[in-house]
Amino acid sequence: MNPVNYLYLAALLFTIGAAGVLIRRNAIIVFMCVELMLNACNLAFVTFSRMHGNLDGQIIAFFTMVVAAAEVVVGLAIIVTMFRSRHSASVDDANLMKL
Amino acid sequence: MENLIGLLVAVPLLGAAILLTGGRRLDRIGHWLGTILAAVSFGIGAVLFFDMLGKSGEDRAMYSHLFSWVPVGGFQADIGFQLDQLSMTFVLLISGVGTLIHIYSIGYMEHDERRRRFFGYLNLFVAAMLLLVIADNYFLLYVGWEGVGLASYLLIGFWQNKPSAATAAKKAFLVNRVGDVGLSIAIMLMFTTFGTFSFQPVLAHAGDASEGKLTAIGLMLLLAACGKSAQVPLQSWLGDAMEGPTPVSALIHAATMVTAGVYLITRSGAIFNGAPDAQVAVVTVGAVTLLFGAIVGCAKDDIKKALAGSTMSQIGYMIMAAGLGPIGYVFAIMHLVTHGFFKAGLFLGAGSVMHGMNDEVDMRKYGGLRTYMPVTFITFGLGYLAIIGFPGLSGFFSKDKIIEAAFAKGGTEGWILGGAALLGAAITAFYMTRVMLMTFFGEKRWEADAEGHEPHPHESPKSMTIPMIVLAFGSVFAGGLFSLNSSFLKWLEPVTGHEEGHSPLSATTVTAGTMVVLVIGVALAWLMYGRRAVPAVAPRGSLLTRAARRDLLQDDFNHVVLVRGGEHLTRSLVYLDHSLVDGAVNGTAAGVGGLSGRMRKLQNGYVRSYAVSMLGGTAVLIAATLLMRAV
Amino acid sequence: MSTFAAAASTTSTGEAFQFWVLAVVAVLGALGTVLSKKTVHSALCLAGTMIILAVFYLAQGAYFLGVVQIVVYTGAIMMLFLFVVMLVGITAADSLKETLKGQRWLAAGCGLGFGILLIAGIGNASLDTFAGLGQANAGGNVEGLARLIFTKYVWAFEITGALLITAVVGAMVLTHRERTEERSTQRELSIARVRAGTQVPPLPAPGVYARHNAVDVPGLLPDGTTSDLSVSATLRDRGQIRDVSNEALADLAELEQRSESWLERSAPEVTAPEEASK
Amino acid sequence: MSFPLLTVTAALPAVGAIATAAVPAAKRTVAKWSALGFSVATFVLAVIVLVRFEPGGERYQLTESHAWIKDFGVRYELGVDGIGVSLVALTALLIPFIIAAGWHDADPLEDKNPNRRWRPTQGFFALILAVEAMVVVSFEATDVFLFYIFFEAMLIPMYFLIGGFGDQAHEHGDDEAAKQRSYAAVKFLLYNLVGGLVMLAAVIGLYAASADQLGHGTFSLQEILQARAAGKFDLASSTERWLFLGFFFAFAVKAPLWPLHTWLPNAMGESTAPVAVLITAVVDKVGTFAMLRYCLQLFPEASKWATPVILVLAVISIIYGALLAVGQRDIKRLIAYASISHFGFIIMGIFAMTTQGQSGAALYMVNHGISTAALLLVAGFLISRRGSRLIADFGGVQKVAPVLAGTFLIGGLATLSLPGLAPFVSEFLVLVGTFSRYPALGIIATVGIVLAALYVLVLYQRTMTGPVKAGVEGMKDLKVREIAVVAPLIALLLFLGVYPKPLTDIVNPAVGQTLSDVHKTDPKPALEATK
């Protein structure tokens, strides 16, 4: 098997995640989908690192994880606050950006 | 000596500057100052004149170059003066008559609180007119040309609170401006043809230029002359110009400014000599105008308007003479000078009459005034005799010569012109007699006006009568003096050149003919106005009379075609500018606004739809890169 | 493990087999994450996917990452998610019904197009030579990463540290609720309650009847109806109240039956549990 | 290096603007005096520049050159040729009069609350000085990019001057006036912005062209000119034409040329007279000036290619502007349309490509600045006295205010270019210059002279002569301040009318060089007459 398939998998997962972001209203699930996309990227990175035979790809993936962690922390905090203020975790309820 | 030439202009100009900026503190001495300065420039003129007499004919011309005015590439305009016999004649006429009229105005404008300003304007006019005649190039002449236009604008509209006066002033300036366009185009043509527009080189090389160019220049100069000298078709302003104070009418609209056209044509003789077609145009204009003016003069009841018509027709004579070429130039100028005397005298007389009649101008409300104002009567009478060409008076000599010259033109053209001139002489005799009779003879026809105070005619003060007397002398003797062993001819010949025309008729025949038509005219007038009593209200009159009263409908034509048409044009243009030019822009603006209004609907504030657009965008980008790599 | 990392342009059949099996599962997990109604379920699906990814990391010679993936992601982050779900998850059951007009179609279109493009991109990229991590991992994968992180990427590393701290502080700031007024004592609370006049006495206790002591069982009121007040609000909202009144009444009826039959007496008609539960 | 005279000349008003704006709200008079002081000081500097400039010397003098943005070859380069220096002088001359004339235009109205934070007076004068600084730089810049920046930056203060400080005189009351004002301001901004952006594209295009012609991109006018002279810089005619059009469009909007003119009447009509003077006498001059400096010098071939069209448009502007002026009911709009007609003359002179035409155009810029300033400022005094801009509301003014009427008449006569006043010389030069190459156009343009007389005299007749209208009786004659504003301008008009030689001596060499750039020589007269 050609390891490229890992990349195809990554692409697939990424797309699924993206679709999830687009169609789900629950902020938490949206978040999970984002995580899914990040993970897909990580997979791609790891595969690349294998492809090039050096570890930089893995490093990047590692940083991605760190950032993802930070992002999750802040994001979830935001969700909680939002929920407190408007008793709902639906992203559609927060459309104050509307003109 | 040459340095004095500049002073001719500078002195009255200084006067104008002082009087117009001086403010009220000059009110008491203003008129004296103005008069003295005018007299001074006459004095300078006299000094130069005698200096000139001292020299021999050819080198009498003096030149003085002050400074370079507008030097741009080949276009070299200088402030320089040329004083030859022709200019000198005008200088004396202008400053002389000018001074007299200053004196006259002291009395005439006595009761006007803006008298200082009036004298300022008069000085301004004298300065501009002198500049016009002593300039040594057409460009500087143009300055004087428009300068006199401005002065006449200010003076005609001097009583600005009268709307009629303001309108008349505006009309005069505008019509003159049309003429000025002619002059400026003529200058441009000279520049493109000769590379210069100074008199000497242009006139010296006029022969070398193609006839077409000369004709074009000539016609443009004629247009200018028509504007300034109130010749058909630009004559309409002169009648209205009588709204101005009478001295103004005498100085500007009889003696000096209106003759500028004649000066221009005579000065440019060399050009016209090379362009026969242009000359034909000139004589035609002259002939037409002299009849036109004469006819109008017959119908007017307003004494000043009648005289205005006469002015028009007399200048018609001059223009015609100038158009005849070398055989006519001298006589044109000669008639111009004599006309300056008697016409100024007549106007001053008219002014004096009005002065005595509470500014009544309608001759039908005069009558029998000879007993009340004898001096005015006599001077006016002498002027009258002069203008109709009574033998021995100045008008006789000058006009007779012109008629001879007209016949001398030869061929059918000669006959036509001569006939026109004779007819004009007859009509002149008629309408002048009419004026004379209606004003000074018959029984009194005036009654109390609306306020109920009856005019009690009285002789005018000395300051007014003296100038009239002086001018009367001029109008009696000038002609004789000039034609005494044809001194005037000798005087001008070096400048204008002269050749004897060979007339089909002998001089005596012409003179006899003139006498005959003169008698006919006078007799006719006497039959109509002397024997019968003059009705106080004008009778309806024949069709021609009514047309003539309306300046032969020329004004109506202007009004309908130019004024109305222009108004419509501007109004529609204003509308188009707003709706079309501006509307196009505003339309685009509106379109953009509407579009963005639709676009903003996309900003619905839902994170997810933003996310969709982001993803779509990314997809597009990827697609783009792929395509790029594909090709 | 070195066998995993050995492969150059193709992989060992073992890995291939493992890939095909797990990839399917991973995709299913991802779909589950997206599609499942309940938040908890999607969280679990995600966790599963992540673990599988961890395995893939290991398979590709990223040992450190594989472990980190399990420990940090699946261990920490997903748990964090679950906590939040517990905090927030009351509205967890959100319908999949779309409210934004055309959103779903757009999403489908973009997602599909995007995926296709992505895959196409990978497809026509020439990626058949795989160097493999043989010598890169020679000195040990962790050491290799460490060397890179502390030499080449040290600056980025420091930055991430700053980032993490910021994130922590941010989270605290966001979630911390400032107490503005003095905490009210029981006395004040009781007074307030009396003032309000609603539910002055303490709430009824759940799980009456000795056989039930679970908190999700509402207590019965004297007329035999249940009192939702006796159950905690959370359960109430989740609709997780276990109503046992019927069976209780049934038992009661049966008991009396038995006693009557023992006393040779006609039993009185037992009220139907339905009416009882009214 | 020598003392950076030009920089200082441009910087002083800028400093003045800041200083004036910084004056505390209460001290209104201080702000006025500081503004006046700075503008006068600038004028003194400008005079020094004028004196230091030797006619017939280097093409660009008093040059300064420093690298500015190295990566894009943008340099801070200043230098003045004859035309630039005379326009700098004109600007510096007019601003003090503008400030003095607008002395009370920005005083807060009584009914508005006095202690508001917004300080109109300080702002007004600061903005005027800011405009002056920017205009001066754009006259001095010899780096296209530098010029472009200030050419555009000018719009900002102008926008606020137009939108913020209109005179309350409006037939439909204050609210309507405010609405009209903001409309005019926005229109002004949009028109010029669009022009400017088109130009920006062309500027970048020029940079790119120079980059691949000279190897390194540059905006420096002098460098490009030298390169062309050396034959190293030679654009493909299509490129050159596009770039030319880009530049010309911006300048034609600014100038303005028919049919891009409609912003001018609104802007001038709604703003106070001093600001209107600022627009037409100072800011718009940048447009015509830039045509002469950039269009002709950078793109000679394209200029010649476009000449016929431009000349026709210019003639249309002349006639059209004059005709519309005749049809106006509003004094300031009338003057605005008259200006459009005059700008037509200027542009015609520039593109006639003869010595007379271009010198005439250069003179025309100066003379038109002075004459329009005189006329407009007097008109402003008139309007502020009556509180109306409608011609119909006036009549018989000369009876009650003779001095005002007199100055107004002189301004008007200058506008119809009466001989003896400065504009006559320039107008006639333009006509001769055009006529000697395009006789037909020259003759058509002379019609403009008659129409000019028409609109000026009609305006004078309706407002000044006739019986005294109601509402005019109590009108005061000019105050000392106002006379002090108008008299010097009139004196200057007379002087330049009688003795324009100093000006022509400065301008002619520059024109000669420009003509040699476009490889044009005056047509020879049909037969050379001995001078």
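In order of appearance the chains are A, B, C and D, and numbering begins at 1 in each one.
Please note the rule applied: a residue touches a chain if its C-beta (ideal position, glycine included) is under 8 Å from a C-beta of that chain, and two chains touch if they have at least 3 such contacts.
This structure is a prediction, so every number in the text was calculated from the model and none was measured.
**Student:** So using the touch definition from the top, which pair is joined by more C-beta contacts, B-D or B-C?
**Tutor:** Spelling it out, more C-beta pairs touch across B-D than across the other pair.
**Student:** Approximately how many whole Å separate the CA-defined centres of chain C and chain D?
**Tutor:** Chain C and chain D have C-alpha centres separated by 74 Å.
**Student:** Centroid from C-alpha atoms only, then distance chain A to chain D, rounded to Å. What do you get?
**Tutor:** Each chain reduced to its C-alpha mean, chain A and chain D end up 61 Å apart.
**Student:** Where the centres are mean C-alpha positions, what is the separation of chain B from chain D, in Å?
**Tutor:** Centre-to-centre distance between chain B and chain D: 37 Å.
**Student:** Could you give the separation in Å between the centres of chain B and chain C, each centre being the mean of its C-alpha atoms?
**Tutor:** 107
**Student:** Among all residues of chain A, which ones touch two or more of the remaining chains?
**Tutor:** 18, 22-23, 25, 92
**Student:** Touching two or more other chains, which residues of chain B qualify?
**Tutor:** Where chain B meets two or more other chains at a single residue, that happens at 604, 606, 608, 612, 615.
**Student:** Give me the residue numbers in chain D that touch at least two other chains, ranges are fine.
**Tutor:** Counting only residues that touch two or more other chains, chain D contributes none.
**Student:** Chain pairs in touch?
**Tutor:** Going through each pair of chains, those in contact are A-B, A-C, B-C, B-D.
**Student:** Of all residues in chain D, which touch chain B in the complex?
**Tutor:** 190-191, 259, 261-262, 320, 323-324, 326-328, 354-356, 359-360, 396, 398-399, 406, 413, 418-420, 424-425, 428-429, 431-432, 435-436, 439, 442-443, 446-447, 449-450, 453-454, 457-458, 461, 464-468, 498-501, 504-505, 508, 522-531
**Student:** Please name which positions on chain A make contact with chain C in the complex.
**Tutor:** Residue list for chain A touching chain C: 1-9, 11-20, 22-26, 28-29, 31-33, 35-36, 39, 42-43, 46-47, 49-56, 58-59, 61-63, 65-74, 76-81, 83-84, 88-90, 92.
**Student:** In the complex formed with chain C, which residues of chain B make contact?
**Tutor:** 604, 606, 608-609, 612, 615-616, 618-619, 622-623, 626, 629
**Student:** Which chain A residues qualify as touching chain B in the complex?
**Tutor:** Against chain B, the touching part of chain A is residues 18, 21-23, 25, 91-92, 94-99.
**Student:** Which of the residues in chain B come into contact with chain A in the complex?
**Tutor:** Against chain A, the touching part of chain B is residues 600, 603-608, 611-612, 615.
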